[in-house]
């Protein structure tokens, strides 16, 4: 008996350690509700701050439960005074961590502006594009048709600027897809 | 449900890992002669080849197979005693060896023919007109020997390599690394050595280096045991005959024969 | 050794990053900004402390055949715990650390301390040693991070220092700058510690951070390896 | 097909795992003293990267985060992946020691180092983060391994040159190597626009 115990003891200890660690993790994950807390929607003040540049005409943004094939979509908001819709998307830039950008579109689908909520782009290059308010303001008043012509990529930071344009393209598509459900048009 | 799958997944992975590791380490165990592993632990690990084999691993296997236990010169008596203890054979003495640089051309006594600013290695420098030193067969002093010495027993002082014979184990790696072939490994107990290998005739040697051997044969005539002879314009000691009396050193006009 | 000695050795004499050259991956990746560097340092210290304590508690229970998998599972457990905490309480740091948060599991410092120290000493000493190493790592990260942020972005912890006059040098924020600043830091520490780094054959980095594989801790392995390197 | 090539090239040159993503720096400094050991390490790393991608991608796709969305255990990804990699490396080490002793003599000492290599775990996790399918993940892992090899071989050439250079005393050894790595990384930054223009 002694010999076989020596043989299976390592496996037994390893299984025990794995079980205990994974059990504890599952426990904390579910009890603390990490999933819900992690991607909790933004607070009221944050929404107001982001809406100021993305959808200026909106007085208040309300969260709308809406699904879209585009899995990059994180949240959809409706303007309380019916001024339009704001969508928050995960946008792939230069860094492996995607940027979170809110695009604001008015009732008939014309883009009003965008706000970069969080990003991990390279300082001095990607971040320079994001901090360049004049460049981002170029997106205001655009429709899907003239997206490719009106906005050009920033040389040296092509991945970041192309990423923002691709996000705007996705925002237009989501608007078409969800405008019935969200704005009741 | 949210707890079951993670725990089951990890218990499965842990089980798989444990079983595979135990099975693999049993079934695919490599039979290694236990003694070879112990011997390898004892050997210094310099892989110098002084034992005549391709390195410590090779020598460990051969000794486990029954080769002589005192071939490891760097290890000296200590390692030989441990190896013979592991093998259960009688302890055999090791003739300790030590190296010496047969040149004492420090900056004070000799100069350079040109300022070398290429790769800082003797091998590279010696390819350029025999090296920067005034004496073509002298020590270049860029430390190729220092780089290979696993025991830190050799250092370049004032432009010439000098061996600390107390730390030197006689592994011979420096002798192989020296492009000028100045380093000789001989019996550690020997005390006297000619610190010059100049092949130039007397007048040229004197011009190149104040401490060079000019081949005057004074030492050859004075040596009671006939251990020192001048060949190829410089004196050389036959260490099997040398008794270490040091008479040759006293008589040498340029003091290039020294007591180590 | 008394607890305080264990603690202080990790900060200066055996600083894991600048002297033993361990955990260089996060040191270069996370130091584009001082705040990120601080966040990474604290997260690593938490994981280091937790796993060293648990490993030294279990040191007699874990048989040697499965030593490596057990240690890695315990360390990865703590890393996942930290990622929960960060996800909920400090989401920006969570998104900035990104993949490097889970790479703390393979950080050479943690496995190195677990193998070389925690598995051989009492809980108290292991905790002190882990804390010392963690603080040493965080300070080193902070130092490199501050230099890179001040030179590369002209700010420190976000406070703009350029007064609109000085022009920041973007290369310091880029990977190339990371290598250079870290190299200069190690050179300065090398000079201050009287060339200990050049003489000591790069400590654990000599065995390429494979501390988990070192049988008898780093020195024995690097000596043996150095012989036939 | 061009998309696969784009992933391969960007993993080797543009987002090189060592020089721009900063993964695998410990062996990058520790093992690059000689080109022969650098090559041995790179071959071992590339092999382990591709094989561990082959093992970890299905676990994530079918057990942790199944496509039908029944549950999402993404939080266990780190734990599972590192356990699988550590197990795989230990088993391979035992097998090579038994069946290919000469290969073990040349590469064996590097295998245990790979478990603690940030690049290997990094590649498996980035495959999932960038949403690649199995084929793309394998190509990415191969690219990452080859990128590691390119960086390591180039750098070991530079290192051997530095050993003999007349470097100030305080920079001897690792500090000089790190500064040289900075210059090599700067040269790699030149590949920035390659993938976009080459593959459109």
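To keep things simple, chains are lettered A, B, C and D as they appear, and every chain counts its residues starting from 1.
In this section, a residue touches a chain if its C-beta (ideal position, glycine included) is under 8 Å from a C-beta of that chain, and two chains touch if they have at least 3 such contacts.
Owing to the predicted nature of the structure, the values given are computational and were not obtained by experimental measurement.
Taking the mean of C-alpha positions as each chain's centre, the chain lying farthest from the centre of subunit B is A. Taking A-C and C-D together, the pair of chains sharing more C-beta contacts is C-D. Distance between subunit A and subunit C, defined via averaged C-alpha coordinates, is recorded as 32 Å. The mean-CA centres of subunit C and subunit D are about 20 angstrom from one another, to the nearest whole unit.
In whole angstrom, the spacing between the mean C-alpha positions of subunit A and subunit B is 66.
Taking each chain's centre as the mean of its C-alpha atoms, subunit B lies 39 Å from subunit C.
In subunit C, the residues touching two or more other chains are 65-66, 69, 73, 76-77, 80, 84, 99, 174.
Of all residues in subunit B, those that touch two or more other chains are 2, 6, 9-10, 13-14, 17-18, 21-22, 25.
Counting partner chains per residue, subunit A has residues 10-11, 14, 17-18, 21-22, 25, 29, 34, 96 touching two or more of them.
Of all residues in subunit B, those touching subunit C in their complex are 14, 17-18, 21-22, 25, 44-47, 55-57, 150.
The touching residues of subunit A, counted against subunit D in their complex, run 18, 21-22, 25, 29, 34-35, 96, 158-159. For subunit B in complex with subunit D, the residues that touch the partner chain are 1-2, 5-6, 9-10, 13-14, 16-17, 20-21, 24-25, 28-30, 117, 119-121, 124, 147. Contacts from subunit C toward subunit D in the complex involve residues 21-25, 28-29, 68-69, 72-73, 76-77, 79-80, 83-84, 99, 102-103, 105-108, 111, 171, 174-180, 182-184, 186-188, 190-191, 195, 197-198, 202, 205-213, 225, 229.
Those residues of subunit A whose C-beta lies close enough to touch subunit B in the complex are 7-8, 10-12, 14-19, 21-23, 25-27, 30.
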